[in-house]
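What follows is a pair of complexes built around chain A, which joins chain B in one and chain C in the other.
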Partner chain A sequence: MMAYLPLLQIFMALLLAPLLPGIINRTKAFFAGRRGQPLLQAYFDLWRLLNKGAVYSRSTTWLFRLGPIVILASVLMALLFMPWGGLQSPFSFAGDLLLFAYLLGLARVFTVLAALETGSAFEGMGASREVFFSALCEPALLIGLAALARVTGFYSLSSMYGAITPALWLHHAPVILLLIVALFIVYLSENARIPVDDPNTHLELTMIHEVMVLDHSGPDFAFILYGSALKLWTLGGLIIGLLLPSGLSPLVSLVMFIVGIILLSVLVGIIESIMARLRLVRVPQMLVSAGALSVLAAFLA
Partner chain B sequence: MQLSLWLILLSILALTIGAFLAMLLRRSPAAATLAGSISALLACTLGFTAAARALYLGGSAALSLHWSVPYGAFALQLDPLASFFLLPIFALSGFAALYGAGYMRAYGREKSLGAPWFWFNALAATMALVILSANGVLFLMAWEAMSLSSFFLVTFEHEQARVRHAGWVYLVATHLGGIALFLLFVLMGRASGSMDFSQFHDLPLNASAISLLFLLAVIGFGTKAGFMPLHVWLPEAHPVAPSHVSALMSGVMIKTGLYGILRMLTFLGPPPEWWGWLLIGIGVSSGLLGVIFALAQHDLKRLLAYSSVENIGIIAMALGIGLLGLSTGHLPIAALGFAAALLHIINHAVFKGLLFLGAGSVLHATHTLAIDQLGGLLKRMPVTGTVFLIGAIAICGLPPFNGFASEFLIYVASFRGITTMQGFGATASLAIIGVLALIGGLAAVCFAKAFGISFLGEARTAQAQSAHECAWPMRLPMIVLAALCLALGMAAPLIITHAMAAPLAMLCRCDAQNIQAMLAPAMQSLQNVVIVGTGLLLLIGLLAGLRLMLLSRRSVEQTGTWDCGYAQPTARMQYTGSSFVQPLVDFFCAFLRTRRQSDEVKGLFPREASLQTHSRDLFTERLYDPIFSRVGNFMARLQQLQTHSIHLCILYIAATLIILLVWKLK
Partner chain C sequence: MNNAMELVLVLLILPSLVFLGSSRLTACIRALSLQGILLGLLPVLRLETHVTIRVILLALAMIVFKGFILPRLLDRAMLKADVRREVEPFIGFSASLLAGIACLGISFYLTSRLPLPDRTLSSLPITIGFFNIFVGLILLVSRKIALNQVIGYLVLESGIFIVGVALALEMPVLLELGILLDVFVAVFVMGIIIFHISRTFDHIDVDQLSSIKE
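Right, the complex of A and B next:
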C-alpha cells in the first residue's frame, strides 16, 4: 500500500483536478440562484476538445503549437513536488520549492509567448498584464516559503509541510496565518480568479488569462485547460498543507487533503460571488501587500 | 602544468601575430578578415585546450621573464582561478571571431577591416594576459591595453556622433576606474615592498587599511564589471560596438573586473562581515535597477547591455553571500555562494554572448535594432529566432537551461542561510531570496518583450518584412552557444565538482576535498534538478507525440488571428514593446522617470498622432551629469589663464621657477 501511495497521489491529482473549476462554478451558481453547469463540465469540455481538429492563425509558427505542450508538461512536473499536507510528495529534495516555482514560471513564459505570436492586440494586452502581475507574485511566493523554511528548518516542500505539527502551529501561529493570507492572494492571482482576473468576463479588453489563449483550439486548448485545472490543484496544495497536521495515517491524510482542496475551491467560489473584481490599477497594490505580508511573516519567523 | 602555461603564451603570441597580419593586409577586407579570424580561431582553440588541461591537472605554474620596466617583472601565473577564467575568454573569443568573419563582411565595402581585426585579436590577447599577470605593473599595463583595444572597437563606426559619445563615456569611465586600481596596486606595492603578486599575501597592514584596499578594488574593478552606480558606460558602449564585440565585452570582458575582485580576495585575508554586506547591497541594486532599466529600453542591444548589469548584480549577490558565509564561519554557505558566482560567470558568458550575436543577426538582416520596428522575424530567420529564444529562456533562469542551475545555487545558499544563520545573516539571505525572485519575474517580462515583440507576430515595417537568415559563419557559433545553454544546464553538477573545486578551494581557503564534501548535498539537489529537466524534455516529447497522434486524421486549418470579429487587423495594431511594458514602466516611475513627448490627438477625424518615450539612465542624469558639468565649469574658469599670449606664458614659466626656487631655498 505505502509503496503505491505516490502513484495514488499523482493519479488522484490527475483525475480530480478538472473537478475544481466545476465546484467553483457550482458554488457561484448557488449564490446566484441558478442551477449552473454540471459539476463535471470540465471533463466534458476536455473530452470534446481532445476529439476536435485545430485551427491556427496564419501569424503563428511552431512556437504557438509548442506552447500548450510546454505549459502542460511544466505543470505536470511541478505536480511531482507539490506538498500533500502531511504526506510525502512523490519526489522531493532540498531546494525543490525553487524548481516548483520556476516550472510554473516556464509555463507562464510559454503562455505569454504563444499569445504574442498571434499578433493580436488583445492577446498582447493580456500578456502584458500577466507578466506584470506574476512578476509581483514571485517574491511573495518565495519569501513566504522562505519564512516557512525558517520556521521548520527545511527547504524542501515535502519536509517543510511535513514538519507542520499542532505544536509548531501554535508556536508560530502569526507566521502561518500571515502566510496563508499571502499565499492565498498569490493563488488567486496565479489562477486568474477574482479579484485579479474574471474568467467569466465577456469583454476581451478586460481579460488577462482567458484572452491570452483565445486562439488555441482543439487538443491544444484541452492541454491548456487541463494545465489550468492542475495549477489550481498544485497551488492550492501550498495553502491546504499549512492547515493540515502531519503524522496521521496516509489514507486519512490523503482524504483530508482532497477534502481541503475541494473546500478551498468552494471558498474561491464564495469570494467570486460576493466581491467584484478590482480595478486593474489596484491589483498591483494587492500583490505588493501579499509580498509585504510574506516579508512580515519572515521577520516574525 | 608548465606546458599549459607555455601553450597559452603561444596562443597569445598567435593572436598578436594575427593582429599584425590583419593590419598588414588591411587593403583587402577579405584578406584582413581571413587573417584576423583564422588566427583568432586557432589561437583560441589552443588556449582553451591548454586552460582546460591546466584545470584538469590542477596545481599551478609560474613563469618570470626578464623585463627592464621599473618595479615590473614579466611574471605570469597559471593557477586554478586563472585557468577557470581563461576558459570562457578563449571560448567566446573563438565563437565571436567566427561570427565576426561573416558579420564584418557587410562593412568591408566601405571601410578597411584591418584595424577592427587588429583590435579584436588584441582584445582577446590582452584579456588572457590580464588573467595571467602576476605582477602589478604588468597587470595594469595589460588592463590598460585591454581597455584601449575595446575602446577602438567600440568606436569602429566613429562617423556617427552617438558612437563617438559612447566611446568618450567609456574612455572616461574606464580611466576613472583605472585610477582606483593604480592607487590600489601602489598601496599594496608599498606595503609589501614589491609589485609581485606573490608578495601580496598577508600584507602587514591593519584592518582599516585592508578594508580601504578592498573598497578601491570594488570601485576600480567594479567600474569594469558594471556595478551600479558605476555602470553608466555599459549601456552606452555595448550597443554601438560591432555585435560580436558586444558579445565579447558583455560576455567576458566585464568579467575580468570580477576576476580582479576575486584575485584581491585571495590576497586580503579573512574578510570582515561588512564586505559581504557591501557586495550584497551592490548586487541588489545592480540586479534590480539593471532589469528595471532593461525593460524600459527600445533598442535591443541597449536592453541586453542593461541586462548584463542585472546579471553582474546576481553574481555580486552570490559573491556577497559567499563572503558573508566566510566571515561568519559558515563555510558550506561560502562554498555555495562562490560556486554560484563562478557558475553564473560562465553561464552569463554563454547566453549573453548568444543573445548579442542574435541581436547582431537582426541588425544585419533588418538594419535596425528598434524593437518596435521589428516583428515576425521567427518566420523569416528561423535559426536566429530559435537560438534567441533559447538564450532568452536561459537568461530568465528557467529550467532546464543553464541559467536555472546558477540561480538555484544562490537560492540554496540563501535558504541555507535563512535556516542556519541568525540576525543579519538571515536578513541578508531573505533579501537575496526576495530580490532574486523579483528579478526573475522582471527578467521574464524583459525577455518576453525582447523576443516576443521582435520575433513573434507580424512584421511592423518593410525592413522587418524583408529580413533574411544570416550566413553560416554567423549561424554556427549561435547554434553551438544555444546547445551549450542546455548542455551546461544538464552538466552543472559535473562542472562544479570537477572544474570548480580547485578555484573554490582558493577562495574559501581550504582544500578541494573539503569543498567537494561541503557541496555534496547541493550537488545531490542539482542532480535531481537535472533529472527533472530530463523528465520535462521527455514529457514535452511525449505530449508532442500525443498531439500529433490526435491531430493526424483531423482537419487542421489556417486562418487569420481572432480579433474579436474585426476582420482587417493590420500589423500596426499589434501590441508594441513599449505598450507591453507600460504598466511596469509606470509602476517603477520613481526609478525610470520616463519622459513622454506626444502630439495629442485633435479633432474628430485626427490625421496623425505620435508618442515618444525615453528613459535616460537615472545615475547619468542625476549623478554624473551634474558632477561633470560642474567640473567642466571649473575647468572653463581655469581656461582664462590660458590666453595664447606668448608673453604671459613666459611669465607663468618664470613665476613657477621662482616659486620652486623659493620653496627649495626655504
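Right, the complex of A and C next:
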C-alpha cells in the first residue's frame, strides 16, 4: 500500500483537478441564485476539445504549437514536486522549491510567447499585463517559501511541509499566518481569479490570462484548460499544506488534503461572488502587499 | 516573551502596512482602531502572571481611547471635511509599502545593534516600536491630506508607546494617563483644525496651503 501511495496521489490529482473550476463555478452560481453549470463541465469541455481538430493561424510558427505542450508538461512536472500536506511528494531534492517556482514560470513564458506569436495586438496586451503581474508575484512566492525553509530548516518542498506540526504552528504562528495570506494572494493572481483577473470576461479589455489563449483551439486548448486546472491544484497545495499537520496516517492525510483543496475552491468561489475585480492600477498594489507580507514573514522567521 | 505577545506584536505591523498602502481614509481609520485595541492588550500580556488591577484599568482606558474614541473623532472629521481618499501623495502607495518594508529591515538592523539594558528582554517589541515610529514619520512627510498626517502622528505615538512597554516593566499610571489625555486633546484640536481648513479652503490638502491666495 505504502509503495503505491505516490502513484495514488498523482492519480487523484490528475483525476480530480478539473473538478475545481466546476466547484468554483457552482459556488458562484449558488450565490447568484442560479443552478449553474454541471459540476463535471470541465471534463465535458476537455472531452469535446480533444475530439476536435486544431486550427492554426497562418502567421504562427512551431512556437505556437509547442506552447500548449510545454505548458501542460511543466505544470505536470511541478505537480510531481508539489507538497502534499504531510505526505512525501513523488520527487524531491534539496532546493526543489526553486525548480517548482520556475517550472510554473516556464509555463507562463510559453503562454506569453504563444500569445505574442499570433501577432494580435489584443493578446500582446494581455501578455504584457501577465508578465507585469507575475513579476510582482514571483518574489512573494519565493521569499515566502524561503521564510518557510528558515522556519523548518529544510530546503525541499515536501520535507518543509512535512515538518509542519502543531508544535511548529504554536512557535511560529505569525510567520505561518502571514505566509498563508501571502500565498493566497499569489494563488489568486497566478490562477487569474477575481480580484486580479476576471475569468468570465472573454472579450473585454480588462482581462489578462483568458485573452492570451484566445487563438488556441481543439486539443491545444484542452491542454491549456487542463494545465490551468492542475495549476489550481498545485498552488492550492502550497496553502493547504500549511494548514494540515503532518504525521497522520497516509490515507487520512490524503483525504484531508483533497477535502482542503475542495474547500479552498469554495472559498475562491465565495470571494468571486462578494468582490469585484480590482482596477488595473490597484492590482500591483495588492501584489506588492503580498510581497510585503512574505518579506515580513522572512524577517520574523 | 510569550507567544500571545509575539502574535500581538506581529499583528501590530499589519495596520501600519494598511496606512502605507491604502488610499481610503475609512480603511486607515479602521486600521487605527485595530491598532489601538492591540496596543491596549500589550501591557497586560507583557506582565503575564502578576497583572494588577491598575494595569487592567490602564489597558481598558487605552482600548477605549485609542480603539474607539479617537477613530470616532477622526471619522467625524472625515465626514465634516468630506474627503474619502488620499488622491496623490508625494510618495505613491506601492512605493510607500516598499519603503515600509525597508524600514522594517532597518528597524531589525538597528535593534540588533542596540545594547539592551536587560539581557532577558526580547528585542521584538523594540523593533516593532521603531518600525511604527518610522511609518509615522513617512506618513507625516509623504501625505497631503491633513487627516492622514494626524494618523501619522498617532502611529508615531504608538511606536513610542511600544518601545516604552518593552523597556519599562510597569509604567507609572499617572504618566500613562497624562500621555493618553495629551493625545486625546491633540486629536480633538486637530479635528477642529481640519474642519476649519476645509471650511476656509474647500479641501484639506496641506500642500496647497503653502501657495498664497490672492
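Quick notes
In this text, the second predicted complex is superposed on the first by the 298 of 301 C-alpha atoms of A that agree within 3 Å, B and C clash if a C-alpha of one lies under 4 Å from a C-alpha of the other, contacts with A are read in each partner's own complex, and residues count from 1 in each chain.
Note that in this section a residue touches a chain if its C-beta (ideal position, glycine included) is under 8 Å from a C-beta of that chain, and two chains touch if they have at least 3 such contacts.
Predicted model, so just to flag it, every value in this text is computed and none were measured.
Annotation: superposed three-chain arrangement on chain A; chain B versus chain C shows no clash, the two fitting side by side. In the superposition on chain A, contact of A:Pro284 is made with both chain B and chain C.
In the superposition on chain A, contact of A:Thr118 is made with chain B only, not with chain C. Contacts of A:His171 after superposition: chain C is touched, whereas chain B is not reached. Once the two complexes are overlaid on the shared chain, A:Arg26 sits clear of chain B and of chain C alike.
Residue contacts after overlaying the shared chain place A:Lys231 against neither chain B nor chain C. When both complexes are overlaid on chain A, the residue A:Ala292 reaches chain C alone and has no touch with chain B. Ranking chain B and chain C by residues of chain A touched puts B first. By the touch criterion defined above, A:Ala135 lies against chain B but remains apart from chain C after alignment on the C-alpha atoms of chain A. In the superposition on chain A, A:Leu300 makes contact with chain C only, while chain B stays out of contact range.
In the superposed pair of complexes, A:Ile69 makes contact with chain B only, with no contact to chain C.
Here's the short version: in the overlay, chain B gets within 8 Å of chain C at its closest Cα pair.
Taken together, the two complexes place residues 284, 291, 295 of chain A in contact with chain B and also with chain C. Put simply, chain A touches chain C in their complex at residues 170-171, 173-174, 178, 284-285, 288-289, 291-293, 295-296, 299-300.
The touching residues of chain B, counted against chain A in their complex, run 375-376, 378-379, 382, 389, 393, 396-399, 404, 407-408, 411-412, 414-416, 418-419, 426, 429-430, 433-438, 440-442, 444-445, 448, 451-453, 456-458, 521-522, 524-525, 528-529, 532, 535-536, 539-540, 543-544, 546-547, 550-551, 554-564, 569, 571, 573-575, 579-584, 587. Residues of chain C touching chain A in their complex: 3, 6-7, 10-11, 13, 17, 21, 93-94, 97-98, 100-101, 104-105, 108. Chain contact summary for the complex, chain A toward chain B: residues 50, 52-59, 61, 63, 65-66, 68-70, 72-74, 76-77, 80, 91, 93-96, 98-99, 101-103, 105-106, 108-109, 112-113, 116-125, 127-129, 131-132, 134-139, 141-143, 146, 149-150, 153-155, 204, 214-215, 218-220, 223, 284, 291, 295, 298.
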